[in-house]
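Step one of this worksheet: look at the structure below.
The chains carry the letters A, B and C, assigned in the order they are written, with residues numbered from 1 in each.
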Amino acid sequence: MMRAMATDLPIRFDGVTIASRTVTLLDRVTLQIEAGAPTVFIGPNGSGKTTLLRTAMGLLVPTRGRITCGGVEKSPPIHRAFVFQRPAMLRRTVAGNLRYALRAARIAPAGREKRIEELLALVGLDGFEKRPARRLSGGEQQRLALARALARDPVVLFLDEPTASLDPASTKAIEDVIRAIAASGVKIVMSTHDLGEARRLAGEIILLHRGRIIERAAATEFLNSPKTEEARRFVAGELLV
Amino acid sequence: MLKRALLILVALAVLATSDAKAQEKSIVVASTTSTQDSGLFGYLLPIFKQRTGIDVKVVAQGTGQALDTARRGDADVVFVHAKSAEEKFLAEGFSLKRYPVMYNDFVLIGPQSDPAGVKGKDIVTALQVVKAKTAPFVSRGDRSGTHIAELNLWKEAGIDIAADKGPWYKEIGQGMGAALNMASVSNAYVLSDRGTWLAFKNRGDLAIAVEGDKRLFNQYGVMLVNPAKYPSVKKELGQQFIDWLVSPEGQKAIAGYKINGQQLFFPNASDPNA
Amino acid sequence: MHENASALQLIRAGDPALFATVRLSLIVSLSALAISAALGIPFGASIALTHFRGRESVIVLLNALMGLPPVVVGLAVYLLLSRSGLLGTLGILFTPAAMVIAQTILVTPILAALARQTIEDLWAEYSDELTAMNVGPLSRVTTLIWDGRFSLVVALLAGFGRAAAEVGAIIIVGGNINGFTRTMTTTIALETSKGDLALALGLGAVLIAIVIVINGLAWLARRVGERIAG
C-alpha cells in the first residue's frame, strides 16, 4: 500500500487537560506520537486511555491545552479512523456498512465494490457481504468495524481496547490484521489492558495512570526493565489504585 | 416566516386534493341541519343541477351559525327558518332581499306513554303542563330556527324559561337529530320540525304528542348574501338558485318531496305575508 | 347514501356514494400524512441532533402538541380560511384542501415528537461512529432517518390513525358537504344525528376495516424490508 506524505502525523499534545467539575480525566498531558511502529497505551481502568485516544481523534475538546495533528489544530478526521471498544453496527448488511463508510470517506463510486471485497478479505469476512451486520458475533463485528475504519485508507488508526470482550480465537484474528495493517505503513495507536497483547503488538508502550503519563519506552525495554515504581508494579501484575 | 410556511402548506394541500373537474359552476348555501336531516336537499338539488348544471354545496349548521357563516362571507346564499333572525340579517345589510320559500310545521314529540299528559292539548297549554310537572324536556339550545321557535313558544306560554328552568330542562347545543336521540334515550319531550321527525330512524318509544297548532307554523326564507359586502359572492349563480326555488317549477318540486307518502314542506313563495 | 340500506348492502351494491366517501377519506388523511411527514420528521430529527438553549422546553411543548384538541384546531383554521380571515382570499374554506390543512396541523406534532425520540435513541448509538467517519450534519439526519425507518413507520401509522379517526376539525372546516367534503367519519356523525344508528355502526366497521388493512400493508412492507436489509 502506498503511503503518501504522512498527514495528521505527528500528533502533538501540549499540556492537554480534560476535566469536568468533578473529575479530571487527563492531567496536563504533553506528548508527541510519530509515524512508525504501533504505539500502545496501557494502564488500569479509568487511567484515561480511552479519553486520550478520543481526544487525539478529535472526538473530545480539551479543557486546557491544545492538540495538533500534522501541525494542524482541530483538523477534520479525514486521514484518521477509529475502532471503538464496542462498535455500533449500522442497521444494514456487512457490505452495506462498508459501502456507507466508503461513501462517507468520499471514495469514488467506481472503485467501491472492489474495495469492499478487498477489505472483507483483509479482515477475514469474505462471503459475509449479505449478512445483517447486527447479527454477527462479537469478534465478527469487531472485524467489520476494523474493515470500516480502513475504508478511508487512514494514515492513523486508533483502536480502543479492540479485543477486550473477545475470545482468544477472535483476539488472534484481530491482532493478525492489526499486525498486517501496521506492516503496510498505517500508524497504529491503540489501548489495551492486556500486557500480553502489548508485548505482541507494540513498538512503544506508554503507561497512563490517573490521567498522567507515567512512563514511555520501546516495548521490550518497558516490559523487561521498567524504570518507574508504578510501571514496575503494573508489569508485575499489581493493581495500581 | 410563519405566514410563508402557512402558504406553502396551503399550496401543498390544494395540490393534493385538486380535482380535474372544474368547480366553477357551484355555490355554497348555508342552511340548517333540520332542513338537511329531512332529506329535502338530497331530493331537490339533483333536480336543480340537472336543470342548470350548478352544483349546490350545502353547509348545514344551526340557523344562528348559518347566518354567521354568511356574515363572514363564507356562503353565497343562506336558507333558514327564523324570520326574526333573517330580518335582523337584512337590517344589518348582509342581504338586500328576503324571499319566502315554503313552510312546514313543528311538532311536540314525547314518550308514547305521555307521562305529563299533554296529548291533545294546544301547544301553549302543553308547555305549561310540562313545566308544572317538571317533565324532562330537551332543548336544542343552539340558536337554530327550531330553538328560536321553542323560546318564542315558552314566551307565549308566559314562562320565562331562562330564569325558571331546572334540571328537567336539558339544553344540548346540538342539532335536531342529536336532540331526538337524547329525548329517545331519556324519555323526554322535545320540539322538532316535522321533516326531521319523519326522516328520523331512532324513534324508540317516541311519538307525536301535539301537532296542528297554528303557533307551530315554521316559515323558511332564502337570501342572497350582499355582493357589496363580499365581492367574492357568486351573485348570478346564487340568484339563479333563489329564482328557481320560488319559481312554479321549484315550488312544485318542493311540494313533491314526500316521506312515506306524506308531504313535508308546503311552498308559499307567493304569500306576501310569509 | 341510500336510505334504509345497511353498510354491507351498500358495499355489495358498489354504492358510488359510499366509495366516493371512502376515497375522499383516504385522500384527505393520506395527503395530510404525507405533508406532515415531510414537515415533522426532519424537524423532529433536527431537534434530536442539535443542542440549543430551551431545547427541553421545545421537547415538552412538542409532546404536548400531540394532544391538540381537533375541534379547537378546526375552529382556528376555519377563522383563518374564512373570507373575513387572514387567508380568506384563497377561498378554500369548505373544500378538501381545508380539511388536509387542519389534519396536517394535528398530525405533524405526532410525527415530529415520535421522530425526535426515535432519532435521539438511534443517535445515542450511532454518534461515535458517524462523528469518527466525519459525516456531515445533513448526511447524519438522512442516515438516522433511513436506519430508523421501521420505527418511523410506526410513527406514520400513529399519524394516519389520528387523521383517519378525526372528525371534529374536518367537519368544521369542510362543512360536511354532500358529495364534496363528506368523509367516512363525518358521514358517521351525520347518520348518527339522523338516528340511523345501524348504518352509522356499519360505516364505522368499514372504516376500522380499512385502517386495519393499511396497518397490515405496513407490517408486510416491514417484513419484506427486514428480510432485505437486516
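Everything below uses one rule, namely that a residue touches a chain if its C-beta (ideal position, glycine included) is under 8 Å from a C-beta of that chain, and two chains touch if they have at least 3 such contacts.
Since we're looking at a predicted model, the values are computed, not measured.
When every chain is represented by the mean of its C-alpha atoms, the one lying closest to the mean of all protein C-alpha atoms is C. Here the largest set of C-beta contact pairs joins the chains B-C.
Distance from chain C peaks, on a Cα-centroid basis, for A. Put simply, the C-alpha centre of chain B and that of chain C have 33 angstrom between them. Taking each chain's centre as the average of its CA atoms, chain A and chain C sit 47 Å apart. Centroid to centroid, with C-alpha atoms defining each point, chain A and chain B lie 80 Å apart. Chain B contributes residues 6-7, 9-10, 12-14, 16-18, 28, 33, 37, 39, 41-42, 55, 57-60, 72-74, 174-178, 180-181, 184, 196, 199-203, 230, 232 to its touches with chain C in the complex.
On the side of chain C, the complex with chain B involves touching residues 3, 27-28, 31-32, 34-35, 39, 80, 82-85, 87-88, 90-101, 104, 175-178, 180, 192-198. Chain A contributes residues 57, 59, 76-78, 81-82, 84, 87-88, 90-93, 96, 100-101, 104-105, 131-135, 148-149, 152 to its touches with chain C in the complex. Remark: chain C residues 125-126, 128-135, 139, 143, 147, 229-230 touch chain A in the complex.
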